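Consider the two complexes below, in which chain A is the common component and chain B and chain C are the respective partners.
Moving on, here comes the complex of A and B:
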């Protein structure tokens, strides 16, 4: 498989979906305006119909308990409801939990569940399912949640609709991962006492969500049908979801253009094609719905490198890179310059008052001179080798862009390409690199996706997508640990602000771009992007409108 | 060709060479091949004069079409790199890889083929099993695997192509050597006590050269194509510009800006065509079919 036929895995476990790469791109501002209220009212929503969706690549399983790959979660979000969903500002909003309370000390979290909810097999959903899932999945085998839930010492279920989490230390980021794929609730009656990883229901999932699993024809499609007993009256609108597996990017573009596919999430086509498709009146290209992921492209400097150990060199490189041009040229505008390791979509935590590195070649040269690395007769100060995340041509071109940018300030760059296994080993295990680009999903709380790139506790563990630079700062470590168990939201914000200030000053890892994934969908559709975790959530609000078809 | 002067004398090697070149030049297809190849060589030689500066520089605005801007006659790619400059500088890389890979392959192929054919017996059986091993693995996949393991750079790509493309040549040389080993010339040399090396290098290989020269031109063409395919799949050397790499970089925009992939694609077609035409011509001439019409 090559090039564009790849997709991004959602989440930390990107390595599972090497393929993913191409799909991540995203669009800063490509103009998808939400339908205005008046417009929406004028167009009568139509019930029923089949929505055909691109699923790429084919998932390995349909249950998001251990597999964090993007295609699994795209399907599963329709089958499994979570305790909450997230709005565009990443604030939780009720789903299976109608309301919740966090005790002032942060040591107790109480969820009040919706009553009358049924599993797709007709059995009632209850607090016992949540307790079982927390104890057997979130705390144990879910790759992203283990550390967030490890302080949960006890789960009480005083009645069928109340779940009380008792913690030894506060863990506020829990509230940021409680959607259907972040903390999947599986039916206890089908899983208890079985081998969870090999349970046959992993591939014919039973959830509580708006769509019921019908059939998975390998290599062709996954079919879901409307859940007539869904707890939200009248929803979902659509009768059927057909997730079609189309491995070839050109075929995907054609299917979207012909209207065979009406919804295609996760960068289904190359950027340039997206630009073309966005001009068709029948289609929309939308970058919303990925806020919950908040992917960040960054440059890890190996702080043990003889040149890069000098902070002036790292700052000079930061000044030498025109991030706006990088976003525009390499990422076709589907990205915006990042000014902090905490992406701006994490509104609560994103700090705008930080050391900045505006594009300034003169300053970069001055810093390099000051560090004692003068240009030689050929105008070269020193040579570095660059490794790019081998997730597709966008990353390779980013490397090529950096090479040219640094050449201007006298740093000669040799680009080295390798497969993703070799990349991970080189950067995170052997630490045999100079500087490398990679990306992380930040998720709504810096604790989940951001601090892992800076915490020295990860050093020596060889864990991919953790502290690649080899950075050690006692104060930053302390802040990370304090914020991890801080029960007061305001204090956490202050801690993360200071953390951002320190790591951006030391700049062991330079935030480059906030990437924007994009979805392409038919203009006949309404309600397709309604929340910040939309792509991992359900299409219960999606409906066709009786609009005359243009072009 | 004036043959009257030499008709009475036995033909010397120089005569043969002159006649071969003459015959080659009289074949239109070979002539076209030669001219095209000369053109490509000239592009490679004068790249720095015609397009000074780094061909990887983002020199203009991205995705200009040919003719959009006078300073970029062939347009620019999605990074704003000058395609014309890329074509000229890429000629160097493509020819270098083609030439060196063919050389590697020639050395291995001739070496194994000659040893195998000359010594026969156990040596032959052992070497031919090795050759068969290489023949049974699809060469492109083999190259792909080698490059992926060794990590792509000009050196590894060239070596990998050389290592995976000698097996046919080895068999060809072996057959020739087998034939010549039993010729009177070789037998006489053996009786006269000449060393094996002397016999192989002075008597056998020069006479087996014709098919080798022909395959060499095809090997160069194949190597250029293989490098292009590798680059297309993202396994090229990102630090240099090659035609295949340019095609690979352009494939994403093939629906909207086909010229980015098409222009280097045409360059590859021309180079491969030139080498093949030349190979065909050489084949006809060296195998004595030149006089047939």
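Moving on, here comes the complex of A and C:
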């Protein structure tokens, strides 16, 4: 079992170190290496090995074409390459596309593809695959990209390694979603002419990425193996990725602590366990690798509610909440107060000169008095029901925190819990709620993950995660539409600045916290977090190293 | 006997029809549908995307059409298709069946043997120290939440002592085959089976003790004693056999729930059983899958009940099936 596996691995490791040491001696003899390099050589990566990873919950499908759920993308990022990948500063860097050009008017985007790339079934990857994926997935059934690609009127493929997008109006955010899960490229030869949603390859995906799908044992694990023909020479380092499904949080913590699991992304354990695990020398807790997502926790006010339709009440509630304390107490510091619906990680778009709602109980009370909701004999102004996003204890405790905070200003809160299907129906379909907490990933461009919370165009369609508050503002809508097709980056920034100013003034949805997700991984792993979209990207750089000797 | 079986078969059909009807409409009362859950998990959606999902799932049809389709499928022994998992329901259930049967079988077997032995012992030493200790231990395991026992066993035997794996059913990373694989599964089975078994064990021990003490008080036991039959023989031959009826009844109830699995134990030990499958299907509003599992469970309950009736006649010749 584990023990035996480790011994075998140890054998390989020793041999590698011996080889490395010999090479080093040789190098030192000809005077290439400085003396201090000895330490680095002890950290020499070794090839091979199986990495056990936590996957929670079990994915629905392994193809990110119609399902954007977290576990699907965590696995699929290793199987599918994107046109680009994203750095920590969210700038695109080459992947399947070696380079690209955007015409000055923004109406033509040209991608030059890497040549010699093969699908896992041996067929060559070509521009036709990209064109087919854009036309049949990105533009149509993809839950996030439709609005970004809808102005692409034509896709030209003059040769096998060139893709030219022709747009009727510019769409700059396109360049922010082109990684393997944001704009998945599927093999045209396996999907063309089939029912895409029911294609059997959705569950045994064929990609071009560093790892090849081997087996999905439902309820147990998903297994991927090293792609020996990967286009990036020498990569990946690991032989096998084993995504294990462990539904219980305490069991996950035990498996990590015992070393049965060496990599666990996406808040695999409760914050309290994270604190404990981070103190173990064998483990690391890391909040990098989620930059591409930029998750934001927010409070949606139902603006049709008899109290909440008054902007003064919404502002009062904003003043009544101590967001710094919320981040510290409920989220154990894995969050920071948000001041705009556009998170600060979206540096170009985040506006710092906005209406602010500092924690101020007196001001909150004054605003409520002014709105005409005086305290009654019991000190209560009115009662609201709060629905929290049923994604675990952190959200429930956030609700309890809000209840306490609002009680101080005379608003009584009843907390209501339900499962996620019921939550979505209540908030987005039936609109039968007072105020609710939820979270959205903003992604690198507000067009992708932010504006949907304020855009009134889809009100009445019952679409989840769109405009929970029921907010309608003609100017905000106009700005959203203009920015969507604006070709001049500076003008877009100005439009988003004005947009943030309006929606934060009206505050139909109150940004609470910028969340920091965390991963836990074994300290003898290297290259596990290398880019801004790491959790949704591949582990091609991950490798085991010899643990440095204690001095 | 034949009349009984024929009547049972007829009843079976009606019971199952009723169960299908109730399950179907009851489950459709739950707020939200599978498309909303999927969109919820995606964290983003467009009206077009929702429509595509609903069409894929057949949710764009009126409810009665969905029900008629479901009945039509059942009539042809087709449990339907899980659109969420893109697999036929029967295949999903069959995938999980071996793990479920292994866990439940081992746990119930262990509980039955150990529980009955302990109960037998306690009844023979009623009022003495052995009895008190057994009763207290049984009560303790009965009263402790199963998931807590599970976690504690993991912490002790897996994390601290490092004797047994934390969870799962096999050591996938080791690529085992043949006998080594059997041994590996057995190692993985120990903790979940013991956790679940300890809970059932308590039930059997208490039941056995009570049933035996009741039989001890009856006239034929006194007669046997008066005749000079040895105490050991009385316990085995006269008391135990007569005390088995309630045990068989309980066993029947537990075997009936075997397909439901044990959600908590399966969750704590990442055991790939049917309980977890049903539990997640409920939250995901994967109604075809959930209906399939419930339907199979109902069939098992009905069949086990018939079997229990038959066993009664073997154990107690006075009982007749009419």
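For the reader, a short list of remarks on this structure follows.
Simple rule for what comes next: the second predicted complex is superposed on the first by the 505 of 551 C-alpha atoms of A that agree within 3 Å, B and C clash if a C-alpha of one lies under 4 Å from a C-alpha of the other, contacts with A are read in each partner's own complex, and residues count from 1 in each chain.
In this text, contacts are C-beta pairs under 8 Å (C-beta built on N, C-alpha and C of every residue); 3 or more make two chains touch, one makes a residue touch a chain.
All figures in this text were calculated on a predicted structure; none of them were measured in a lab.
In the model built by aligning both structures on chain A, chain B fits alongside chain C without clashing. In the superposed pair of complexes, A:246 makes contact with chain C only, with no contact to chain B. In the overlay built on the shared chain, the residue A:447 is in contact with neither chain B nor chain C. Legend: residue contacts after superposition of the two complexes on their common chain; A:219 is shown touching chain C, with no touch to chain B. Of the two partners chain B and chain C, more chain A residues are in touch with C. By the touch criterion defined above, A:500 lies against neither chain B nor chain C after alignment on the C-alpha atoms of chain A. Touch criterion met: A:69 reaches chain C, while chain B stays clear of it.
In the overlay built on the shared chain, the residue A:463 is in contact with chain C alone; chain B does not reach it.
When both complexes are overlaid on chain A, the residue A:419 reaches chain B and chain C alike. Contact with chain C, but none with chain B, is seen for A:144 once the two complexes are overlaid on the shared chain.
After overlaying the two complexes on the shared chain, residue contacts for A:429 are found with chain C alone; chain B is out of touch. The superposed three-chain arrangement places the nearest Cα atoms of chain B and chain C 7 Å from each other. Shared interface residues of chain A (contacting chain B in one complex, chain C in the other): 2, 4, 250, 418-419, 422.
Against chain A, in their complex, chain B makes its touches with residues 54, 56-58, 62, 78-80, 148, 151-153, 233-235, 238-239, 248-249, 251-253, 255-257. Residues of chain C that touch chain A in their complex: 30-33, 36-50, 52-53, 56, 83-87, 92, 95-96, 99, 147, 151, 154-155, 158-159, 162, 165-174, 184, 187, 267-270, 272-273, 276-277, 280, 283-285. Residues of chain A touching chain B in their complex: 2-4, 250, 253, 270-273, 275-276, 329-330, 390, 392-393, 396-397, 399-401, 403-404, 407, 414-419, 422. If you check the complex, the residues on chain A that touch chain C are 1-2, 4-5, 50, 52, 57-58, 60-61, 66-70, 140-144, 146-147, 197-198, 200, 202-203, 217-221, 223, 240, 242, 244-248, 250-251, 254-255, 257-258, 260, 418-426, 428-429, 440-441, 449, 452, 458, 461-466.
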